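Chain lettering (A, B, C and D) follows the sequence in which the chains are written, and residue indices restart at 1 in each chain.
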Amino acid sequence: MDFEHSERARMVMEQVERFVHERVVPNEQTYRDQLVNTEDWRRWKIPPVLEELKAEAQGLGLWNLFLPDEEYGAGLDNRDYAPIAEITGRSFLAPEVFNCSAPDTGNAEVLAQYGSEEQKKRWLEPLLAGEIRSGFAMTEPGVASSDATNMEATCEVVGDEVVINGLKWWTSGAGDPRCRVLIFMGITDPQAARHQRHSMVLVPIDSPGLKIVRMIPVFGHVGEPHGHGEILFEDVRVPLANIVAGPGRGFEIAQGRLGPGRIHHCMRAIGAAERALERLCERAVRRVAFGKPLANLGANRDIIANCRMAIDQARLLTLKAAWALDTHGTFGALTDISAIKVIAPNVLQTVVDAAIQIHGGEGMADAELSFLMGMARALRIADGPDEVHRGMVARLELKKYL
Amino acid sequence: MDFEHSERARMVMEQVERFVHERVVPNEQTYRDQLVNTEDWRRWKIPPVLEELKAEAQGLGLWNLFLPDEEYGAGLDNRDYAPIAEITGRSFLAPEVFNCSAPDTGNAEVLAQYGSEEQKKRWLEPLLAGEIRSGFAMTEPGVASSDATNMEATCEVVGDEVVINGLKWWTSGAGDPRCRVLIFMGITDPQAARHQRHSMVLVPIDSPGLKIVRMIPVFGHVGEPHGHGEILFEDVRVPLANIVAGPGRGFEIAQGRLGPGRIHHCMRAIGAAERALERLCERAVRRVAFGKPLANLGANRDIIANCRMAIDQARLLTLKAAWALDTHGTFGALTDISAIKVIAPNVLQTVVDAAIQIHGGEGMADAELSFLMGMARALRIADGPDEVHRGMVARLELKKYL
Amino acid sequence: MDFEHSERARMVMEQVERFVHERVVPNEQTYRDQLVNTEDWRRWKIPPVLEELKAEAQGLGLWNLFLPDEEYGAGLDNRDYAPIAEITGRSFLAPEVFNCSAPDTGNAEVLAQYGSEEQKKRWLEPLLAGEIRSGFAMTEPGVASSDATNMEATCEVVGDEVVINGLKWWTSGAGDPRCRVLIFMGITDPQAARHQRHSMVLVPIDSPGLKIVRMIPVFGHVGEPHGHGEILFEDVRVPLANIVAGPGRGFEIAQGRLGPGRIHHCMRAIGAAERALERLCERAVRRVAFGKPLANLGANRDIIANCRMAIDQARLLTLKAAWALDTHGTFGALTDISAIKVIAPNVLQTVVDAAIQIHGGEGMADAELSFLMGMARALRIADGPDEVHRGMVARLELKKYL
Amino acid sequence: MDFEHSERARMVMEQVERFVHERVVPNEQTYRDQLVNTEDWRRWKIPPVLEELKAEAQGLGLWNLFLPDEEYGAGLDNRDYAPIAEITGRSFLAPEVFNCSAPDTGNAEVLAQYGSEEQKKRWLEPLLAGEIRSGFAMTEPGVASSDATNMEATCEVVGDEVVINGLKWWTSGAGDPRCRVLIFMGITDPQAARHQRHSMVLVPIDSPGLKIVRMIPVFGHVGEPHGHGEILFEDVRVPLANIVAGPGRGFEIAQGRLGPGRIHHCMRAIGAAERALERLCERAVRRVAFGKPLANLGANRDIIANCRMAIDQARLLTLKAAWALDTHGTFGALTDISAIKVIAPNVLQTVVDAAIQIHGGEGMADAELSFLMGMARALRIADGPDEVHRGMVARLELKKYL
């Protein structure tokens, strides 16, 4: 195992770190102030400061760093992008500033790898230019999405069209006023072999028959200006050419986007945990009660040590997963990727909980800590709940003994 | 120890249980629908269904059950009120429906026990009639409120008036359009002995000089239509007669309201935990994944068993604390009250977290579970953070060896 | 729920407490010194101080307190015996001093309730006189004893004899030089209904064909002078009259001994946990490092508070289980009894672990703490592992929703 | 960070792995059978099989692998030795078989780095030849050894002699019949600067005035045939030339041996945890209860996943600590070394506890699991308790904010 980052990655890390520190974090409040607070997603607007920061970042070449494709993206492998993703986890604003935010990242990877020239031209290029955004419509209400074979939505091939029906939810970013296209996953051929039934289809968001039912609240927050959409597809028709890589390849494509996506999520979670620990420690040394800094009261030092040890371990395992993915591919990284998907969000939840606690009433009122609490909690469910990933780790472990 | 409830208490429990089940829970969604969702507290309105339910409950005599005073209240002791409080914890709406919600409960206790006849007439009676609501202005920003001697706000006696200055926050209920009066706690005599410096003063909320700065968000929610106010007092003047029980008795009065208040909070938390476990179990038996009900997957049965065992233990300790408070007074119940203040909110947080997790995406979107998550988290800070209460339990334990 | 102990129980508690404090604990070292340390159980001897203390306790009437039978025992119910069992948990020596140690307690209960007059005369009376000891041969190696239907040993009725075959282990007390009889449980009729296949048979330990294979080490200790026997039965023949209550009633009898036995174990575990916490606190206030008593270092106060809270909760739940058993019988106490069987040993393990840790090197070398560590660990397995009991709690909880 | 092992290390790893698998593990029982079980250390003998295995390992060049010194040892750095240490952790017998067992390892490092030619000739060479063994006399009873400035024993320079007085304990290996020399640490000059007061002195174990008081039991086991000695030094006189590196350099030398020693301990702990997890999984797939393999019952898969994730993270952090120590020296590795000293033993304890639990009664009786339980528990205290190391991690973390 070699976790050494390339010289180029180290250089980029430094630049990203400086930019986050000097430009992104100081503008978080501006962003919040510019945000239109309403639950009605039709009225959502993008705070201008975001587009300004994006332009700056793009100007510095800190752009599309997530994309390993050398033609379209930065050409960094997972090991090299991982520490950069960690840094962007330090600010809720940072991922998008660098055009590295989900689900565009996964969608762009899919298009770069599997898209036709026409698909790339029409969707990938504006995505990578930061001009439009996109959604990924896979999860369905009413069925346990931890078991992907439960999927019920369909995308039938009828002549030279694809006819799409079904109800999807947790389509993140669907409320963003810049969202133009969804990658929809559904069944094309229910009779096919189990992993060849599904296809991915590009669906313009303004397609007739596509109805955004609502933005789903996440712990009471609708997450403006992006949102998580519940979307009804009723006889939505798109050209056959909108199928990605051809009918029946949905599972294969989905498989490929999982690994990098989870590593990105986990590294951002680790960056977020570092930020929370920073907040915790600052409070511990500055706040005084009963005549002493909080750092010298109760179990606070043990809490800090436990946070530090948990974060450091989670980071190393995520780096190992990235290295394994780069070196051995998805199947050589299965245990590690499932493991970090459990560990990183739980570490984040623990650290944020401690950070809130040491801030007392201020912790409850703090926008950043509240955001991180929701993020941590959601990450334990999104993209496969803890249970499924623990089950995978156990299955692979027990296999050695069967 | 005898935790047996009186026959009267058992009868009331049954009635309250039925009313919560048949009238309160089915109207939760109506309440949510009638609620004006805005962060601007000046526009908050009380959903009519709440007042309707209050009238019904009052008609049935299920009213002011918390108040041990036999003249003004139901005359139940802590042990007898505890199980009733638990039942009201099963619905976010229930405490107020029975006119048993904080901070009115504590304020009413203070007035019933220490108030002058005039104070009772003017404030206690409408409170107990459910016509007005009240706030308690004690906590201050910028100082560690876990250390009460840090308080800085003042209520100086000048002639036959009290002049009030200072900044308070976490004055819960201050945004409620029916809130008419605050009990303010501040320093009257900085030279007096440490526990005789403070007084409690009744301050009408429309007093000149009293300014509601904002409603503080709790994990991003302002908590309409009640809210948690940050309130500035600038030379607010009220008649000397508004001091409760005379100058210098603030600490003594505060002391007395702590025990029952914590028992109420904890029993409601336990009721809330029961509700969350119910949600968890219902989901476990009804939802199927990988061909099995969730109850038969992974560690879910262990999780359910752990929740049941934690709740049952927390309830027993809270009943013991109530019994000890009734039998031996505050000082005979110190360890138990601090212990439950740590345990009950943590049990609630654990159970709710598990309930959310088993619901997956639906858990993140669920209004009740989201509310309970915030409630649990806030309770670990409000009214003394875990740390202070653990410290108290340890101090009393170690005392035996000194 | 009424946990109030009877006046008689309170009086006995006081006497037992005084005797443990003044006579038992001060003689623990004498006992250890008199003990013959050898792994060869054939050479084991009972330290004379034990018999002296037994005589004293018997003289004071502090004898057979566990036995609810009014004729043969003290006539205390579970609720009243529970706090006495707790006190005996404070010294490894105490249970036997008061003639209240397992497995004699369970065996005596069985004989008092189900034994024939002859069986009582021959075995129960000397047991209750403290003259002989006994064993209980139920668990079998090679099969999961958490699933009792796995049992393979047989006790066939042949004419007026019972012919016994099979291998048993964990027959505690089988190495005691005073052990005279075993209660053996095995299959009499494999064709009978599932819970009527088994019988209990009294087997004198010197029966031809009965061979003690070895004393099983428990974490490396054979537990002289009692031991846990692995015992081979090869065509052991005893008279038909040695069957307890008649053939086929084994399960019914086993069922009945479980509840009280678990309550005894748990209360002793709680007493042991109190002893460990005492050791922890004494060390915390007396030992100085870095210029401060350990109580003022690190997270030690949190640890102490957590121990106190865990013990108090475990005690209350055990008292509730005792009360439920007395009031509603075994089936009304199932959840509580399974719950405490999980909780009490785990609490003990946690508290002992903390007590060892705060003692550092001395903790590793300390005979009492080492004994308690092994006791805690063993209790999580003996008499049904945690897993089985958690499973039972979950099953009963989920039943409400089916 | 580059955790890639050198080609040579990988080759040695393979050989060691094979030798442990084929020669060491299969001889564990022989070793146990040959062992003289007695608490009287004067009668201890070394089982012949051990010396046979040592000769074999030495013959294969699998010898002194721990020693980075290229002249005397294998010349592997910490990163390269770490995985080898892990493999030796899989058998209690393995470290000594490869002449890589504590405290000889630390003592040899000290002599190789600081010893005079004469010291090397007399003590280092026979140690590295596996002919003699040694002890390290540093810890003292009665003072908190987590605070090294508490040390009270003295080694005064008087003329050309050193006069040694004091009581030491936890001198591991002091009961080994082959133990010939102790490295004693004590105060030479109480007036010197705080870290220049102490010296290390080589003391032949048969020196007049040196008295082995007893072998200290560790959780009831004296650990034959090595033991942990309590040793009284009364006017023990050795030549001045026996001081290592000169008077006053005790702390400096002690400092240097800490890092590698802790990495060795932690890697062995990780190897032991792997062994325990192996036992757990084997049991999980082979044992059946209620008609299913244990792997499919209760929370066992979660437990297995948690163990796997904990071990993998602990290993990575230990490798990072080794890499940091090699690359940046002790002071660049402080956080990581303290962190792993907390984590690795706790992970081991957790995994072993789970392995015991799944084995039920057999787990209590199992020699290997019992040994590992004691090892895990002791490691949380030995060489600095968890508390001190957590404190160090927190101190270094908070320093960033001061």
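Just so it is clear, contacts are C-beta pairs under 8 Å (C-beta built on N, C-alpha and C of every residue); 3 or more make two chains touch, one makes a residue touch a chain.
Treat the numbers as computed from the prediction; the structure is a model and nothing was measured.
Taking the mean Cα position of each chain as its centre, A sits at the greatest distance from chain C. Inter-chain centre distance (chain B to chain C, centres taken as mean C-alpha positions): 44 Å. Rounded to a whole number, the gap between the C-alpha centres of chain A and chain B is 38 angstrom.
Touching two or more other chains at once are residues 298-299, 301-302, 387, 390-391 of chain A. If the chains shown are joined wherever they touch, the resulting network links each chain directly to all the rest. The residues of chain C lying in touch with chain B in their complex are 1-4, 277, 281-282, 284-285, 295, 301-302, 304-306, 308-309, 312-314, 316-317, 319-320, 335-336, 339, 342-343, 387, 390-391, 393-395, 397-398, 400-402. Per the touch definition, chain D reaches chain C in the complex via residues 37, 39, 139, 141, 144-147, 150, 169-170, 216-221, 287-290, 294, 297-300, 353, 356-357, 360-365, 367, 370-371, 373-374, 377-378, 380-382, 385-387, 390-391. Every residue of chain B that touches chain D in the complex is listed here, in rising order: 298-299, 301-302.
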